[in-house]
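Next come two complexes built around chain A: one with chain B, the other with chain C.
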Partner chain A sequence: MEPVEKPSYMNDAVRYGALFGIAASVLSLALTYLYLGSEPDGAMFTPMSMVGIVVCLLGAMTGLLTVRTVAKTTGLPMKAGQGAVIGLVAGALFTVFSGVISVVWTQLVDPSLTDRMMEHMIANFEAMANLPAESKEQMIDAVAAEFEKQKTFMGQLAALGLNGLFNVVLNVFTGMIGVAVFAKKEEVL
Partner chain B sequence: MTDWLTRNAFPGWLAAILWLIAAFLGFQVLAAMVAIGILMADGRFADVATDLSRLIQYPGALFAGNSTGQILVMALGSWWVARLATDTNNRVSFFRLAPVPGFGKTALYAVLLTIAVQPLIQLLGWVNLQLPLPAAWIELDRAQMAMIERLLKGDVWLILLLFHVAVVPGVCEEVMFRGFILRAFERDMAPWAAIVLTGTLFGLYHLRMTQVLPLVVLGILITWLAWRTGSLPVVILVHFLNNGISVIAARLFPDVVFDPAFSETLPPSWLIALSAIAVPVILLYLNRHLHDAAPRSEPA
Partner chain C sequence: MRAHTLLMAVFAVLLAFAAGPGLWGASDPVTWIGSWQKAVFASVCHQDLNRSIWLNGAPMAVCDRCFGIYAGTAMGLVLAYAIRPRIRALKVAAVWALVAILIDVAATLAGVWPPLRSVRIATGLVLGCAAGFLLVSWRNPPSTP
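After this line comes the complex of A and B, so read on.
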């Protein structure tokens, strides 16, 4: 394998991981409290539906922007594999920052948040007029079971692991896209 | 000409892990689609649509789904993905499929090793059961065992059972783990690290946390065999034998094999002692034979 000059990326990965991790946590908590402040009206689309999309988008940006910064700062040509590794590290750090904030918030700052969310979601399902009773029951049972799992520390850890895996894989790809878009192309002799 | 991974400075370990995740998801989706497709074609889908746990009543559909997923995703998928790590002309040696000198004797030692290690594997299974595990994992394992028991005790021909449980996993899991994954790890790390990592991932891939310890140890042993012998057919044979013994034992002695007390009981101490002596002796002889007959497998 021909030697490839490796740009230093750790500082940028930590910076963007922290920035986007904190941003994703703040936004998802804000949307959650916004949802809890509303009346359960049986709407299919709620502020809670936005949480996943927001976190996913911010997560995907972490790898992309870390690679962009590394490419601009060093000015070195980069390869797809380097972008993938930078994306992986940035995605993992994003998960660590957003995960720690989420665990600390739901376990220490506002321990009743999970219960309130569950009750609000169940109330929203019950208010859905067009849903058959059987489907409604199944959805309520599924939501209750899911929230029960998330209430425990182990449940949160498992969810964090799965989220982490998703973020890491996502950022491997956005890191590679970052190289294709932002990095200097190697000169062909 | 260099391969795609090298040209793009893409780490082999990352390629291995990404393929492992993709294959896991691809296998689950394809296996479920095939099983459901068969039931729909037979007009029996309505029976399971409301309660998926009834799928267990249709072993034919489950076996067909499982084997199709393994063949198409694990084996053919790995063969295709290996294009990234080697060029087409090198694929046979990349997958360690080239003939090796002294194959017959190597295979014989490997078979003896597989038989000799069984009491130690059972001991590790017992140790694993003594570890405190979350109730959800134990419940998942019980459900899996109940399904396996039903499938093995069902009225499926033995030859078909051997095909689905021993031949297909023997070939497909080996092509994926000891074929692609091990080679991909070997690109970036020392052989011992690649062997331990591949074997550990093989054990975890089975999603049986109550048996993860014996599965990991068996995985490491088979991975070492593949690396040391440089022959995938040898480990396919070992894997086939290991699974085949379980199928035949389940057919011949179902009341013993599926008795919960069986897995919770230690094998006789003399058998464990015999196994503990036989395994290193066979490994020593195998190593000596390989030293004389075949060189260590080189990176492809």
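After this line comes the complex of A and C, so read on.
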């Protein structure tokens, strides 16, 4: 009896993890520089606000599309647990690719980026007209303290770990949803 | 059944985290800036103070639309114990909710209408609810040829 070869999802997970990880990093950096190039006007919703949306959308798509490709390629029925595992791997790869780019960029390519972001964000807080002066000062101090934490390699690693963990969990869910939406259903004879 | 209950527990925890530091004793936006709840959701939500629900004097860790998505998913998971809608209907609901969100985002960015909390929460709830049902769709009976 010939052994049945289990279809591998690793290639698809690497492909989508890399593709969406790089895309999320490039778009995030583009939005960050767009924000730094703008005049601080005290607005709450800035190009920086879009970074979270972009990362969330692309991150969630990673697990969903990896499962879709695996389901279409194999044409076999899949279980929700398989989708969860594929989503987990794809989400972890997304985190690794986007995390490495982020660390390399902020530590080696443009080390002053974090400082410039902090200064711009503080200037934006100062331009906010509807905040009382006392709370404004307190918020500026809190923002500065947060940036100081994130400036260190360990601080950045901790932030990446936390965000990465969330992305992995998100992809476990989108992987499971991918099975429900794209995989062939088991038929009753 | 156990996996379904586990998923519900996970979403209950996520919802409690998403509710932000206000649920955990904080009562001002300054505490929110350095809170772990904000840090957890920082990479997946814009966390705009003007588009967030405030709880106990502090904003939630996610915007009102994201909170709608998490709450909707939890709601879908609870309802899935009693109702088993067709997967096709769930796919249609999810796609329409996504389209509604895209229209709302585009219109808000273009200045057609201001960010409306009720619309943001409602669209998030519908998308989340469909996602909640889809997450446990293995409980739906298999299709017959």
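Going forward, the second predicted complex is superposed on the first by the 182 of 189 C-alpha atoms of A that agree within 3 Å, B and C clash if a C-alpha of one lies under 4 Å from a C-alpha of the other, contacts with A are read in each partner's own complex, and residues count from 1 in each chain.
The definition used in the following text is that a contact is a pair of C-beta atoms (placed from the backbone, for glycine too) under 8 Å apart; a residue touches a chain by one contact, two chains touch by 3 or more.
Since we're looking at a predicted model, the values are computed, not measured.
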* Would you check which partner chain A:A80 touches, where first means chain B only, second means chain C only, and both and neither mean what they say? => both
* To do: Based on the superposed arrangement, let me know which partner A:N11 touches: chain B (first), chain C (second), both, or neither?
  => neither
* Of chain B and chain C, which one touches more of chain A's residues? -> C
* When the two structures are overlaid on chain A, which partner does A:M154 contact: first (chain B), second (chain C), both, or neither? -> first
* To do: Go through the superposed model and pick first if A:V55 touches only chain B, second if only chain C, both, or neither.
  => second
* Asked: Counting only touches as set out at the top, which of chain B and chain C does A:L88 meet: first, second, both, neither?
  -> first
* To do: Report, in rising order, the residues of chain A that make contact with chain B in one complex and with chain C in the other.
  => 79-80, 169
* Contact set on chain B toward chain A in their complex -> 2, 5-11, 14, 18, 21, 134
* Sort out for me which residues of chain C touch chain A in the complex. => 3, 10, 28-30, 33-34, 39-51, 87, 90-91, 131, 134-138, 142-145
* **chain B-touching residues of chain A, taken from the complex the two chains share** => 1-2, 4, 79-82, 84-85, 88, 154, 165, 169, 172
* To do: Over in the complex, which chain A residues touch chain C? Could you list them?
  => 44-45, 49-53, 55-56, 59, 79-80, 135, 138-139, 142-143, 145-146, 159, 162-163, 166-167, 169-170, 173, 176-177, 179-181, 185-189
